[in-house]
Amino acid sequence: MSTTNDKLIIAGREFSSRLMVGTGKYASNEQMVAALEASGAEIITVAVRRVNITDRSKESLLDFIDTKKYTLLPNTAGCYTADDAVRTCRLAREAGMSDMVKLEVLGNEKTLYPDNEELLKAAKILVKDGFTVLPYTSDDPIVCKKLEDIGCAAVMPLGAPIGSGLGIRNPYTIRIIMETVKVPVIVDAGVGTASDAAIAMELGVDGVLMNTGIAGAQNPIAMAEAMNLAVRAGRLAYRAGRIPKKLYATASSPIEGMIE
Amino acid sequence: MSTTNDKLIIAGREFSSRLMVGTGKYASNEQMVAALEASGAEIITVAVRRVNITDRSKESLLDFIDTKKYTLLPNTAGCYTADDAVRTCRLAREAGMSDMVKLEVLGNEKTLYPDNEELLKAAKILVKDGFTVLPYTSDDPIVCKKLEDIGCAAVMPLGAPIGSGLGIRNPYTIRIIMETVKVPVIVDAGVGTASDAAIAMELGVDGVLMNTGIAGAQNPIAMAEAMNLAVRAGRLAYRAGRIPKKLYATASSPIEGMIE
Amino acid sequence: MSTTNDKLIIAGREFSSRLMVGTGKYASNEQMVAALEASGAEIITVAVRRVNITDRSKESLLDFIDTKKYTLLPNTAGCYTADDAVRTCRLAREAGMSDMVKLEVLGNEKTLYPDNEELLKAAKILVKDGFTVLPYTSDDPIVCKKLEDIGCAAVMPLGAPIGSGLGIRNPYTIRIIMETVKVPVIVDAGVGTASDAAIAMELGVDGVLMNTGIAGAQNPIAMAEAMNLAVRAGRLAYRAGRIPKKLYATASSPIEGMIE
Amino acid sequence: MSTTNDKLIIAGREFSSRLMVGTGKYASNEQMVAALEASGAEIITVAVRRVNITDRSKESLLDFIDTKKYTLLPNTAGCYTADDAVRTCRLAREAGMSDMVKLEVLGNEKTLYPDNEELLKAAKILVKDGFTVLPYTSDDPIVCKKLEDIGCAAVMPLGAPIGSGLGIRNPYTIRIIMETVKVPVIVDAGVGTASDAAIAMELGVDGVLMNTGIAGAQNPIAMAEAMNLAVRAGRLAYRAGRIPKKLYATASSPIEGMIE
């Protein structure tokens, strides 16, 4: 199996890495840069609110990121309404940032769970406005289908709440989403450790996006490398075709999902 | 975090890879060789029964394995009594194979579950006989402690039955074993896919041994590479110190194990 | 602990049973009646589409149900838009059925997953219209909060897709919903066997609604009794205060949710 | 389905309840008596060490238990060798207690995990000595088969360590044990809450034995009632034949155990 042409394609653009990472919560910009490097990610997401868009003479997160090396994906973290998210995307574009955006519309500050009603509104406006929209959403197949129908370039269901580290809590809904949409499915949020990332990829999703799982680890750079390896491991295992689960090797039939 | 001096040490010998692999069930010897290579393993286990010990002029599995590159670990697969296993180890040693052996004494043909009573008997004899004994056992902390007390160089509890692909069915017993013994703990059997290997390593075990998970995959060479990456990912994640699990990022306390 | 005053209260009405059951998919009306009896349920949900509202001279499901004994809860099964669901509720009310309704707006026929965008629209109209609305929704805490704010009398998140028998796939989201809303939380859909119902109740939810889990069992009447017992068992266990999970009894601290 | 003739038969004796309970760790004897009553159990296990066998003029646990109502099952809790356990059983029999005994031989004080090597020795002696032996063991199918071959009247594998409350950690090994032996399988230890008991019974085991799960609950009497209901619920659900697990109701095939 050649892995060299196993590319992730989003909105016509090709990527070799299936791991996307955020830039928040690092102890220092130096640590962040080293972790980005270790992760092997090609797509880096940046909260528009954390970039000094209006006054680029001031220090900005972007000063630390090699924009020739990485594809920057501006995101609308901190937006709680469609209006706010749309405005944020437009500001970013006017300031010269990418028109491929990660759209977040949060439902509340406590859980950072998405507000899908507002998300759908924002997605409609932004797609019409010419943006390439990658929406962060819950693991809701109906919402994912609507986002695809609107014209989003991918769907990004959560594995678990942002920063929770709970992993892929409901692989069943991720499966249903994969049966339901044709655009790439990127698991966004919830990954706490390497095996979570591998599990996501083994489900067959197209990629994984994470931030806290790396930045919040005791050693973020080592964890970034772990995630790099885990995403590749999970993808390869998915493509390699695993053995069936059986009660024991000589059992005549695979186990049906009746026991946990 | 430097990973270069994170060595696995068994009976005073150092290994860089924490993945050990078997040599059975491949479609061809060529496929086996390529999978061994892709796995990055340094320790390769070989069933003594499958080597033409008595007549080395005949074709043997060993003709295909570069014994300068790999540490060969003879195993007693197919033995159902202590006597049989002891005799097999002695034959192997007489034929010039290693005196570091993987000791298997199986309880029945259907499940390939170990017979720990016979295992303990065989381990006692072999240790006295000067062998370095790595015993395949169930995830039973009392048996593991007895094996350590006898003088075994490591313990190798199963994650799930051989060839089942069920993964690490009981991480709790693996944890108790790690609290109970000081010798290396190698999870042996049960791994079905890359995330299983990562989960094992994230528990903090010293290594993983597998055969069917690789050899039985649709593409064994790709799966071998996936396992290679997954074991490294899991080990790195374990050492990097993962974020705690919480219901959501702002929750005041980590989740206790009350929900699954 | 007295269990006699542990009442479920919905919209000011008191119920002794926390199990609600549907009326579809039975082999015969006689079997349905016996299963309802065995379940101990007081609230029975009936698809408005299955009742001959317009011509009550014809045979109707309602002819078989003792409406003095049970509280009938009309539902909008089969509705895929807010308009359709609203119209169905109004028809039911005009025909003399209850104005306490179970509101379903489905997203597609394949998964029967709810369309929460349409659901919110319908709930707004129906609440204004004087209905007591019990909405079937996904396990989405933001949607549940909106439904509460609209004035729904309870929220009914799914445990898993209707008819899937997958159980409570994501107890974490159910927990978050319970932290988020004050109205009763009824797990609706997904229960496949008795332990699923007990698990739901042990999470602290106010009740469980099911249909396929009972009607689709090989022996629906025995399963109805099993569910009756399981809901009571789970509720009692929740109130009795279970022992903490530990690696073993003498471990100094409860297990945090780091292993599955 | 008639449940009246669904009897548990152990060594030719019939029981209506499939729940067996211990007598340790209660706040008072009165609380214990009320919990026994609420549990509906017919078989009550008592540590021989806690009974004043030699001087029955002193207060004894047995003074509080109605021995006409319950079948007393003496157990060897606190024994760490075969000799000790055998001696304890003989003392109990000489003092007039039952010759049906629950045989425990513990491996260490920390985990209370069984020492199966010593257990097998003790079982052999006791069976020859005319005892009806119900051995507490780990979830090891090979040991269970040996115990059956020795002549034990049942096997009692743990669900998880005594007092851990971890539930049935490895339903797969319990299944294998059920395929391997013909004597009754009683899950003994590990049950923490009602759903754990239901899950055990839904696997098809013949009964459940517990102590800490009830005695250690905040309200032991309520928990005893919960366990009573849960064991019956799980048994009924097992016999009623649950619906298959599917990704959604219209999915063409049941789910194989490939995700979780």
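Couple of notes before you dig in:
Which chain is which? They are A, B, C and D, in the order written, and residues in each are numbered from 1.
Everything below uses one rule, namely that contacts are C-beta pairs under 8 Å (C-beta built on N, C-alpha and C of every residue); 3 or more make two chains touch, one makes a residue touch a chain.
In this text the structure is predicted, and so the values were computed from the model without any measurement.
Following the contact convention of this document, B, D is the list of chains adjacent to both subunit A and subunit C.
Farthest from subunit C, judged by the mean position of CA atoms in each chain, is B.
Between subunit A and subunit B the centroid-to-centroid distance comes to 35 Å (mean Cα coordinates, whole Å).
Each chain gets one centre point, the mean of its Cα atoms, and the points for subunit B and subunit D are 33 Å apart. Centre-to-centre spacing of subunit A and subunit D amounts to 47 Å, using the average Cα coordinate of each chain. Under the contact definition stated at the top, the residues of subunit D that touch 2 or more other chains are 111, 113, 161, 164, 166, 172, 176, 242, 244-245, 247-248, 255, 257. On the side of subunit C, the complex with subunit A involves touching residues 107-108, 111, 113-117, 120, 138, 140-143, 145-146, 160-161, 164, 166, 169-170, 172-173, 176, 180, 257.
Residues 171-172, 175-176, 179, 203, 242, 244-245, 247-248, 254-260 of subunit C are the ones that touch subunit B when the two sit in their complex.
Looking at the complex, you find that subunit D touches subunit C at residues 1, 3, 109-113, 161-166, 192-195, 197-199, 202, 212-213, 216-223, 225-230, 232-234, 236-237, 239-251, 255.
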